[in-house]
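We just call them A, B, C and D in the order they show up, numbering each chain from 1.
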Amino acid sequence: MNLSGIIGYSITPFNDEDGQVDYENLAPVIDTLLDAQVDAIAALGSAGEAAYLTTTEWQQVAEYTVKRVDGRVPVVIGIAELTTAEAINRAKFAYQIGADMIMVSPFSYYKLNEEELFLHYQSISNATPLPIMIYNNPATCGVDMSPQFMLRMVSDIKNACMIKESTGDIQRMHKIYKLSKGKVPFFNGCNHMALEALNAGASGWCTVAPCLIGKQTKYLFDAVQQQNNHKASELFYQQYEFLEFIVQSGLAAAVKSGFSIQGTPMGGPRKPLLPLTATAQQQLKTLLLELGSHA
Amino acid sequence: MNLSGIIGYSITPFNDEDGQVDYENLAPVIDTLLDAQVDAIAALGSAGEAAYLTTTEWQQVAEYTVKRVDGRVPVVIGIAELTTAEAINRAKFAYQIGADMIMVSPFSYYKLNEEELFLHYQSISNATPLPIMIYNNPATCGVDMSPQFMLRMVSDIKNACMIKESTGDIQRMHKIYKLSKGKVPFFNGCNHMALEALNAGASGWCTVAPCLIGKQTKYLFDAVQQQNNHKASELFYQQYEFLEFIVQSGLAAAVKSGFSIQGTPMGGPRKPLLPLTATAQQQLKTLLLELGSHA
Amino acid sequence: MNLSGIIGYSITPFNDEDGQVDYENLAPVIDTLLDAQVDAIAALGSAGEAAYLTTTEWQQVAEYTVKRVDGRVPVVIGIAELTTAEAINRAKFAYQIGADMIMVSPFSYYKLNEEELFLHYQSISNATPLPIMIYNNPATCGVDMSPQFMLRMVSDIKNACMIKESTGDIQRMHKIYKLSKGKVPFFNGCNHMALEALNAGASGWCTVAPCLIGKQTKYLFDAVQQQNNHKASELFYQQYEFLEFIVQSGLAAAVKSGFSIQGTPMGGPRKPLLPLTATAQQQLKTLLLELGSHA
Amino acid sequence: MNLSGIIGYSITPFNDEDGQVDYENLAPVIDTLLDAQVDAIAALGSAGEAAYLTTTEWQQVAEYTVKRVDGRVPVVIGIAELTTAEAINRAKFAYQIGADMIMVSPFSYYKLNEEELFLHYQSISNATPLPIMIYNNPATCGVDMSPQFMLRMVSDIKNACMIKESTGDIQRMHKIYKLSKGKVPFFNGCNHMALEALNAGASGWCTVAPCLIGKQTKYLFDAVQQQNNHKASELFYQQYEFLEFIVQSGLAAAVKSGFSIQGTPMGGPRKPLLPLTATAQQQLKTLLLELGSHA
């Protein structure tokens, strides 16, 4: 599987009245990403509040997404389960419904050591032919995987073939690039480090931003590809405060708020998560206006 | 509710063949704690692998524990859910089955801010009359709550009445003691800091250690109460390496291994968690022998 | 050398007009410590602003202190030099003037590895027969030494014979105690952890607090020795906010401010260090009044 | 003063026999930097072991450097003193000998607050007309200054006009750029982040690397300027392991070792600093060979 560019992440809309997933609103989320010309769509990542869904809800969102995208771009399904057994169940399900790839992170209660992590990934790989993106995000998942360890998994586990790095430490990307001699594709998962990640050799950028700012992330990716540094830098700094804002406010809450500002209410995030405060919502509105988004 | 002394934590035995909860073995776990003269029993904490159980398993373990203890000591049920809705369900269930108290920690994917945390605890308190022990353990739960904030919750949320502090920072206990003028009971959740916590005014010690070393934790508690410092220090340093070992090896894996060493196999922890390595198991055996436990 | 109890630290008074060391005021500082019945006096530690003195000033303060104490209690001289050569010079000087012990910490610009640290201490030990207290204070010195490493130095370097631990991590003290089987004396260097350090087996407490609160630190030490836990706890919590305050405000600035409040102005600390703000000074005044000190 | 490009840092050679500064060898160090076409030369930074020199040595090295450079490029003199008084003395001296700029970092024993830092910089600025580069390097200096605070100093302190950022956190550079609307020049002080820093808008790169790898840092700077991303990335990754190696080994020890490998022994660093181990020296030799330097 040859993936590069912008991987657009969807959110999971809830109905404010009964708190249930609002599938009628999931359609425009996916359409917004396709309109933004993303190179792939990823459902059920952090932004999709996957950790807060029931198994059934998770399955329905995954299935709905695959159907709605309908082959126009590849679909990646996020898996971040506490038990290996449940991660396997979900990996199998993703394959059954026709997803193109799974993104697997080791959500944890007890810290996991490398042997535990390796067997977790290996067991998932053995359960499905889908390619696996190894996703490192210690801030949400509670486990940090070194570049060396992730590259060992790419080398030794059949379907593990790419890495998403979200620590925000650019040195991790240097290590992945150097140690793999530029051969193992890695993606940026830290929005406000996108410029540097792409310059350091990232194959692409995993981001929920296209939900709100359309093609602008794509333009940034293209500028770097075209070696147009001045334009890349200009585009990045235009988006910078917005990108930092959504990271620091919590992706799900911030993007849902942004949709609401833009006229398509998506409900709040699931409790205990709260929507943005009125002040934060006003800040976001200003940032979107500055970016020329229809806020 | 007036709780003090040793709160003994149970593990959740699994059947190695099918991976299911092994209720036949849960009985001796509870009996071991009662034999160790603990002042209360807590089920479904970290040591109980609560995070790795299905809802049904969690309910059955809770119910089984209350029945087996049968009023001989109070029963505390741990709740560490990602959504407020599910935490409420479990709090109601704990009340229905006759538990005496719930211990609530804010397990998290996205970091929670204080407003989110407050509403989470308040909603649970509104759903059940059970007293609530606020449990702070950022290493497993991903959220850190300050002494100031936890005391505010004790003050402003009806059923919140005590604190379990597990950061391992003795200053947190000083703060709780000083800011509450010694009025808000707090418990030690960091095994290898038990001596200091008790000297700093902790009402008791939440620990899985009695599963393996019987009354020795109780003896330590008593020595501090009796102002027998030399004995308290001697007892603490005798247990110290064992306590540090089980914390660093992961409580569930270590205690299950210890039961196996002592002749009552309890199965391994649930994957991705792995049992102790052979080397670690040998270390634990030596530590138990040194402590005079029947290893 | 058999040292235990309270090691009282002196400050270095400056003349506010010309910024020079004010020897007339150094006398009452030392006398205050002696009146507080400290078991030893240490000059030129953090509280003594040793890092901010010229070589000549450092020598004069050391010499003055030894003369003024005049054998009534042992005198410890602090050495925290960037180069090994200068540390040796100062160690020799301390010996020449009749000091009883040196306290050596590895002040650093580049981080030092264990081989560098070992040779630094060894070279100093070879240059003087004075016993050496190894002082670990990464917050000011920029290097952290593990209990294991410090114990290796005590074992392998002739004059290295005791440890002062100032990280504020009680586990370090447990390690020192356990690994040395209680044989290597260690001192508490973290004021607001004094109760726990003494209960964990510390031989004593290194503190500038007697400058302002007289015998109260001694009373706390005695209460622990006499196994009077309730009194020890009461005394500790009485002093707690004061101890935390002077640590967080910077020992030198806080204690100088306290002397001023008590009617013996000692000048401000040396720039860039600033005296306490008016607000902080008022806080300190209140804390001293609560402690019954003549504020 | 309009500075950009490569600011080359010199080391301070010592005579291995008597440990004194070896001025005969300082000449080739400076010449090597000039041959590497650096845009400015900085003496007495971290690499120059300024913290380990006596006042007299420091003055002589500063004076020698200015004379040897003789106006061919601007000369920057590093100042990292513990007291404001001594920092002022050195700033005046730098002006007297004809240096073009001073680079000031707040070396600390006690942590300094922003008021203390501000007054420190302001006092230095009042003492000399030389432009000041504010240098933030918490790893060696023990104090961390935020982008917001440094920009405030640039705005409010007469001679403070540029920033050198060495935390290794690319977000600091984004902040400086955005908050100053690209108006305040900042330099990269973290060698193995040079590519990203330049892409993020840094005016240049402060580095000791040209001592060993000649014009290669300049080529990297030029490639970014020319928007030749592929070449910039290729050059950066060629140098990457070397850059990371010298940072992690300690700049002074590593560069002195490199000079020795290249046939111009410069003595070891001053104790307690030690030269590279034999193994590390072999690694460095290999890295230099791979870079085509005459190793």
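Just so it is clear, a residue touches a chain if its C-beta (ideal position, glycine included) is under 8 Å from a C-beta of that chain, and two chains touch if they have at least 3 such contacts.
Keep in mind that what you see is a predicted model, and the values were worked out from it rather than measured.
Here chain A and chain D face each other with the same set of residues for the most part; over half of the interface numbers are shared between them.
Farthest chain from chain C (centres taken as the mean of C-alpha atoms): A.
A separation of 35 Å divides the Cα centre of chain A from that of chain B. Chain A and chain D have Cα centroids separated by 39 Å.
The distance from the centre of chain A to the centre of chain C, with each centre set as the mean of the Cα atoms, comes to 52 Å.
Among the residues of chain A, none is found touching two or more other chains.
On chain C, the positions that touch chain D within their shared complex are 19, 46, 51-52, 80, 82-85, 106-107, 109-113, 115-117, 119-120, 123, 139-142, 250, 252, 270-274. Interface residues of chain C, counted against chain B in their complex, comprise 168, 170-171, 174, 177-178, 182, 192-193, 195-196, 199-201, 224, 227-230, 232-233, 237, 240-241, 244.
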